[in-house]
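Labels run A, B, C and D following the written order; every chain starts at residue 1.
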Amino acid sequence: MVDDEKIVSEDMGVQVEKNENMEMRSFGTVKRWATKRSLWMVHYCTGCGGIELAPLMTSRYDMERFGMHPMVTPRQSDVLLITGYVNIKTLKRIIRTYEQMPDPKYVIAFGSCPINGGPYWDSYATINHLDKYIPIDLYIAGCMPRPQSIVRAFEDLMDMIQDGTADGYMRYKKYYEPYKANQEKIFRKWW
Amino acid sequence: MTIKREGSLFSPFRALKQLGKKPHTVQIPKVVKPPAERYRGFHTNDLEKCIGCGNCSRICPDNAIKMVPFPEYAKKEPGSMPLRPQIDYGRCCFCALCVEVCPTGSLQMVKTFTHVDDKKESFVFIPDSKVVHETPDFVLDTKDLRRK
Amino acid sequence: MKEVDLFFGPQHPGITGNFSVRVKIDGDTVVKAQAIPGFLHRGFEKLMEMRHWMQGPPLICRICVPDADHSETGYSMAVERLAGIEVPERGKYIRALTLEMSRLSAYLFYFAGYGGSIGLYTIAQWAIGDRDYLLDLYEELTGARVYHIFNFPGGPRWDTPEGFEDRVDKVMDYLEKRLKEYDKLYFNNMVFLKRSQDVAVMKKSYAEKMEVTGPNARATGWAIDVRKDDPYAAYPDLDFELITQDEGDSYARVMQRRLEFQQSIDLVRQITKKLRSMPRGNVRLIPNALHWKIPRGEAYAAVESSKGELGYYVVSDGGISPYRMQVRGPSISHGVQVYEEMIVGQRLADVAALMFSLDVCPPDIDR
Amino acid sequence: MSEQEIAERIAKFPGADVEVLRKGQIAVKVPAEKGHDAAAYLKKMGFAHLVAVEYVDWIKENEFELVYNLFSYKMKMRAFLKVRIPRDKPEYITFMDLWPIAMTHEREAHEMMGIVFRKNPNLTPFILEDWKNLPPMRKDFDSRKYVKDKYDSIPFAEGGEQ
């Protein structure tokens, strides 16, 4: 068992190195352009904001015009939407989902609640600052944000991907220890 | 009021008829769909009119409004306080209770609603009468919709 | 054969909201199920003890997300009963208008969800798209799309804008026209019939035993409705008959909503007709929002939400905030125990479909 | 039937303290040991439906109050059957034999208030997960203090700047 784990982690190391090499070449620009044009998001509505995703995904505001589509599994997705407040029971699943997603991955937080608690600022069941536990690339103001705001956020995210400033997943690797320590303060046991 | 209980194999294809219709998709961001007249968006505050009473801060169910000192408004008129509201949009739930209890009517809500940023600090600001928002999207115009 | 444990959700596109079911399957037949709620728990009942009476509606509207107006109104009614205040006549009608529009939008969400869960994605596209016209109306009346924060203790916040009734009627005409197309595409569709007829039959006796309320109970032939049994808002003056079905299967549950959809359209038309003939202005009694004290006592108020009876039990100790407030979410009966029992013996493909057909709303179980 | 007539009929149950609250709502207080009998009596009388089980923490009197919210679709009347149990020993008997749905309500009351219902087989964790603190709906549980101690004390992962 131990040997297996070693092999896996070594494999991952090789993978990371390869990616960095690819970034070094000018091929990176093309790759980023291609990434931003086909963002698939995880079909996971974690809070009340999921209700505004429905008009966005369907005919009235039609998200597929931007090359975005809900994907049923996290392993094929690029974007994780945190749609509203995060309960501690959900946070565990969010972290699991986030860690399952392949690089590059982006997180957009909806509404007031993930920023500073929102209406549930004094609730014992919801965390107030989501960015203590996972890195977030973009915040959207509003309760709920209107579909226009969400579309704007997607556009901004695409611009950020093109610039290379949407680096949440790299920050997660860099600050992995503090992130993990914060997560462990919340949960007594993992599963 | 009963529905015929019979199915047909062609029922699913009836949707194809919709192909000839005009789409009802709102083509944002190319087309701007302005919000309604009563829409509760971000706040504006007439700093001259505001008397710093702090009613908004007390009624806020989310503890989002903090009164911050403004020394230049000190002793301007009797009964006014040198304080002005600072609003945290990481707390605000856009209920407009603060607008309802404002005795002078200086605190208002306007129709702009978009603020997207990667910095958390940008969600806390002191609303005043001119600058609705830090990002230039408060003009509902197609040209301004791209943040560049 | 070997039995397999399977986790359904919380990250699963077929699950309503954020919910999880742990099923034990034999082949693809479910032999045991355990519902795991709590992913949307926010502790409303605790938070309300720390808010003033008037600060309630901005928070409490979040109990059931697709059906926010019923949540606000139930709370407001309980507070009104405690304080002994009566809403002005026009206020009652505007309140009933928002409630019926909320029911329409929740039913459209329901059609979309059930259609999506059995593979009819066109319906999901249509129904959610049509729901948006109702949200536009809401935006015009209340100033927000989803959380309207409109029905306060004492009455609705504002009067209707000029010409609003005509625009409501226009949208109702549109929805009625669309409902005919829905009939052809959805309610007569072979896929829908095959997937829903004789699936998960709920008997009337079972519904009575397990205290199922709302459209699910009426689909079994049990004629109950809070609008009739414990009338509120403008419903005593409105003319409508209860609709019931007899079969109690998934088909009956969907058809129950489809028939009530038509009924709600008729009710909205009655309300707008009445609103036009009324003098404008007096809609709300405004107590002092900052220091409003409610006499000691307790009260219960229930509304017929799109999922069933949504009730609020409010206790006051004479202070400026509730001493205790408890919510009776409609899904607490049909979302946990009834769902766990009804799913046994169904196919795996129906786990999500049954959840939609019962209209389980996880946030009102968790609160 | 008016509220007064129904209240008089309920008052025939020994030990019941009946009060008409308002139109369509009657409160019935009984001693804790007679709660199950009173519930059976009310069920037989026509209050056949258990809408919810409410639980109130009266911390000054050192008691928990359980409110069985009953409804009669025939009489169109609600009855709140109230029993009080001591706060130090929060135990009560389950009403599952009268209304099967009481299982879920009692499971919730057990989790949120810490009341143990004897003979209820399913008092497993329901909504909360890994909860080791006081049951959250108790009055002596301070949510704001808990948030301050638990969530606000956690530092930002990326040096406090972000």
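Assume a contact is a pair of C-beta atoms (placed from the backbone, for glycine too) under 8 Å apart; a residue touches a chain by one contact, two chains touch by 3 or more.
Just so you know, these numbers come straight off a predicted model, no measurement behind them.
Chain pair with the larger contact count among A-D and B-C is B-C, by C-beta pairs in contact. Rounded to whole angstrom, the centroid-to-centroid distance between subunit B and subunit D, based on C-alpha atoms, equals 40 Å. Centre-to-centre separation between subunit B and subunit C, using Cα means, comes to 27 Å.
Centre-to-centre, using mean CA coordinates, subunit A is 31 Å away from subunit C. Multi-chain contact residues of subunit A (touching two or more other chains): 59-60, 89, 119, 121-125, 131, 143, 146. Annotation for subunit D: residues touching 2 or more other chains are 128-129, 136, 141, 143-144, 162. Taken residue by residue, subunit C touches two or more other chains at 38, 41, 43, 46-47, 50, 58-59, 129, 147, whereas all remaining positions touch fewer. All chain pairs that count as touching, in label order, are A-B, A-C, A-D, B-C, C-D.
By the touch criterion given at the top, residues 88-89, 92, 121-125, 127-129, 131-133, 135, 171, 175, 178-179, 182, 185-189 of subunit A touch subunit D in their complex. Those residues of subunit A that touch subunit C in the shared complex are 42-48, 50-52, 54-55, 57-60, 70, 72, 74, 85, 87, 89-90, 93, 97, 119-120, 122-126, 143-144, 146. By the touch criterion stated above, subunit B contacts subunit A in their complex at residues 23-29, 33, 35, 42, 61-63, 88-94, 113-118, 120, 123, 137, 145-147. Taken together, the subunit C residues at the contact with subunit D in this complex read 37-38, 41, 43, 45-47, 50, 81, 208-211, 224, 229-230, 297-300, 302, 309, 311, 313, 315, 323-324, 326, 328, 332-333, 336-337, 365-366. Against subunit C, in their complex, subunit D makes its touches with residues 21-22, 24-25, 27, 48-52, 54-57, 67, 69, 71, 73, 76, 78, 80, 99-101, 103-105, 108, 112, 126-129, 136-137, 141, 143-144.
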